[in-house]
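Common to both upcoming complexes is subunit A, partnered first by subunit B, then by subunit C.
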Partner chain A sequence: MNELVRCANLSRSFGEVRALNNVNLSLPSGRIVGLLGPNGSGKTTLIKILNGLLQPSAGEVRIDGNAPGVATKRIISYLPDRGYFPEWMRVSDMIDLFSDFYADFDRAKAAEMCRALGLDGKLAIKTLSKGTREKMQLMLVMSRSAKLYLLDEPIAGVDPAAREFIMRTILTNYSEDGTVLISTHLILDVEQVLDEAVFLRQGEIVLHESVDSIRERTGGSVDQLFRDMFRAQL
Partner chain B sequence: MDFDLQNSRPIWMQLSEQLGRRIVTGAYPPGSRFPTVRDLAAEAGVNPNTMQRALGQLESEGLVITNRTVGRTVTEDVGVLDAMRNRLAAELREKYFSEMKELGYSRAQAAEFAAAKTEEET
Partner chain C sequence: MLGKLMKYDLRSCLRKFGPLWIAAVALSVLIGLSFRYVVDIEGGSSGLVTFLLGVLPSMILFGLFIAMAVLALIFVCERFYKGLLGDEGYLMHTLPASAGAHIASKGLTALILEIVSGLVALLSGVLLVTVYRPAGFAEGWVEFWRMLAQLELPSVFPWVLVEGVVLFLVSAAAQTLKIYAAIALGHLAKKHRALWALLAYVGIGIVLNILFGVGVSSGLVERLLGFGSSWGMFTANGELTVSGLGMAAGAMGSAILTEILIGAAFFFLTRYILKKHLNLE
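Up next, the complex of A and B:
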């Protein structure tokens, strides 16, 4: 299996605060990986560095052999943890924009997901609820056939019933040899979908293991292990 | 018929057990085409790698056969199906005895109890 993401001795500080500390991480292609950690553990910082939105203070990142830049943006589909869309645009405008922007955007897929998620293309973004905006954003991101999907908190803003629906949307739409990195603290809602779990604590990776191996080793769920590990530090 | 998955055991094991049960009970008839990994994964809400591993287990047990031209099919080998049925029945029996033991029945008493109940009904 070829290596898609490699982080070597990666650190990032914001003034006095060390958001990431000496992170070493290797992810193959074709996996669904959970980036799991409590609030403020460095999940978003790591994703932004993989995206090239933040520069590391030290260390190195390679995505499919390249440093973050034009080449990697072409193969990364990114769902930020917040919306960034102009309020006056319609859902169909966003689809046009994405389709112009990304060569791997699949309009048929977008139309199909709009139907499944109940998104009306004619609606203006300003009229959409928070949950519907998140669904739209997800639809746009999953309509690309990317090599790497970076999804920052894709289920945080929606109700539990919609979470399952969103996880299914991710599952049925990612390109087969692509890797999906999902950051979340809602482990119970994602763990059945994951191949691997990465636990972040205070900017450091404290565990990187396949979820089935966690279940075999501990006799419990990933959620349980997470609770145990992160309770112990309090 | 839904999959019932617990997070405390490897998911692929539970999937292969439950798929094996579907095969034995004829939900997927002998010789029929087996659904694709992608379809089964979507149905169960798990990722395709996990489902792939579950199917690998079924293949090694001989319940499912991969054929280059027609894809996966359910075995027509009655011996294999009977062996699997037997294994499931044996598991059920051991579960019965262990729960009866908790209630204070010896193995012989539990066996007698099961037989008596059957006679009452017939």
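Up next, the complex of A and C:
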């Protein structure tokens, strides 16, 4: 399989704090990868660097052969761990914006998801509840046929029913040629869909293995292995 | 990408200022009508009528212009700060657009906002007077244009006018880019970024003043602007001379170039920070 993401000796510090330390990672196309680690382990920092929202202190990143920039932003669909909607916009404005900027955005798919969510295009975004805004953000991100989906904590802070909705939306809408990188510390909810797992601890990758291999090797689940490895931190 | 970015920046601008612009124009027409038909300024109306239908609406219109100017300044700062360095930055900086395109879009939108607000203020004034038609206004207007046509203006005059407009535009753009550069510098701080941005703005002003002072004392500004030459700007009677206008044209040309250079420095500083030191919270 083609290498889609490559991080070589990647480090990022914030003052004295080293958020990422000499990370080496290679991800192929067409995989669902769990970026797993406790809070503060460097998951969001890594995703921000892949996105070009942060510059590494050392090392380099290549997405589909390019350093993060305009070219990589065309092929990455990113769900941040916070709301990013401009307050003045309506639902239809956001759909127009995604349609204007991303050639791989599928308006029909977005309209279908809007209907499923009961979202009227004329609604002002500021009138939507926090939960609906999060779902709308996911809807926009998953309406793209991207090469790389970077989903930062998509199921954190939501109830089990919403988690199920979110995971179902991701699985039924992602482009199968693309790679999905899901960062989370809620392993149990994502384990069933993962092809690979990457464990991050204090900015370092301590494990990168296929889920099948983990199960075969340990005789247990990824969640169990995670709990064993991070017991002291959890 | 610049066009697409501007489409959304202009829309957000229009949503905020569209109603204000319409209100200013409508109010000026109402005041004009009120002056023409209801309020007798020459003394026929009672003090209360004059106040309620003449003075009060005029005060509101004046207040609206002040509010428009203040809101425009807040809008310029807020759209850059919130739009590119707040939570919205997670959306904007992951769009396939360069940092330069983002700054240009915000800057051009700010410039358009300033120009349209200025034109609305001008239109309001013209409408007020046109609707009111004070005594002798029509005759005065005709006389003004007749005198203007009779004036023998030097050939350099239109050029000076064009330069004046260009200087106004590049100065406004440079001022906006100065605000952006200060906000971007404030973004480099770990905490209290808004406060650091304010300090950076003051600091930039001080540095520019020092540079200007050094330029004046070294004679550089004098040479650049063409002052100090043997040309006289005014005759002994106090009239503007042709050579004086020529000198003004040269001075404004130098000022335009200086503003462009200063604006470019702010643009590239801001772009560098957004590209290399972006750190959204």
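Going forward, the second predicted complex is superposed on the first by the 229 of 234 C-alpha atoms of A that agree within 3 Å, B and C clash if a C-alpha of one lies under 4 Å from a C-alpha of the other, contacts with A are read in each partner's own complex, and residues count from 1 in each chain.
Basically, a residue touches a chain if its C-beta (ideal position, glycine included) is under 8 Å from a C-beta of that chain, and two chains touch if they have at least 3 such contacts.
No experiment lies behind these values; they were computed from the predicted model shown.
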item: First (subunit B), second (subunit C), both or neither touched by A:64; value: neither
item: First (subunit B), second (subunit C), both or neither touched by A:209; value: neither
item: Subunit B versus subunit C as contact partner of A:31, first or second or both or neither; value: first
item: Touching partner for A:74 - first (subunit B), second (subunit C), both, neither; value: second
item: First, second, both or neither for A:106, with subunit B first and subunit C second; value: neither
item: Which of subunit B and subunit C A:176 touches, first, second, both or neither; value: first
item: Subunit C residues touching subunit A - in the complex, by the definition given at the top; value: 1, 4, 7-8, 11-12, 15-16, 83, 87-91, 93-98, 190, 276-280
item: For the subunit B and subunit A complex, residues of the former touching the latter; value: 5, 7-12, 41-42, 45-50, 53
item: Subunit B contact footprint on subunit A (complex, rising order); value: 30-32, 164, 167-168, 171-172, 176, 188, 191-195, 211-212, 215-216, 219-224
item: Residue numbers on subunit A that touch subunit C, as the complex places them; value: 15, 48, 51-55, 70-71, 73-74, 76, 78, 80, 82-86, 88, 93, 97, 100-102
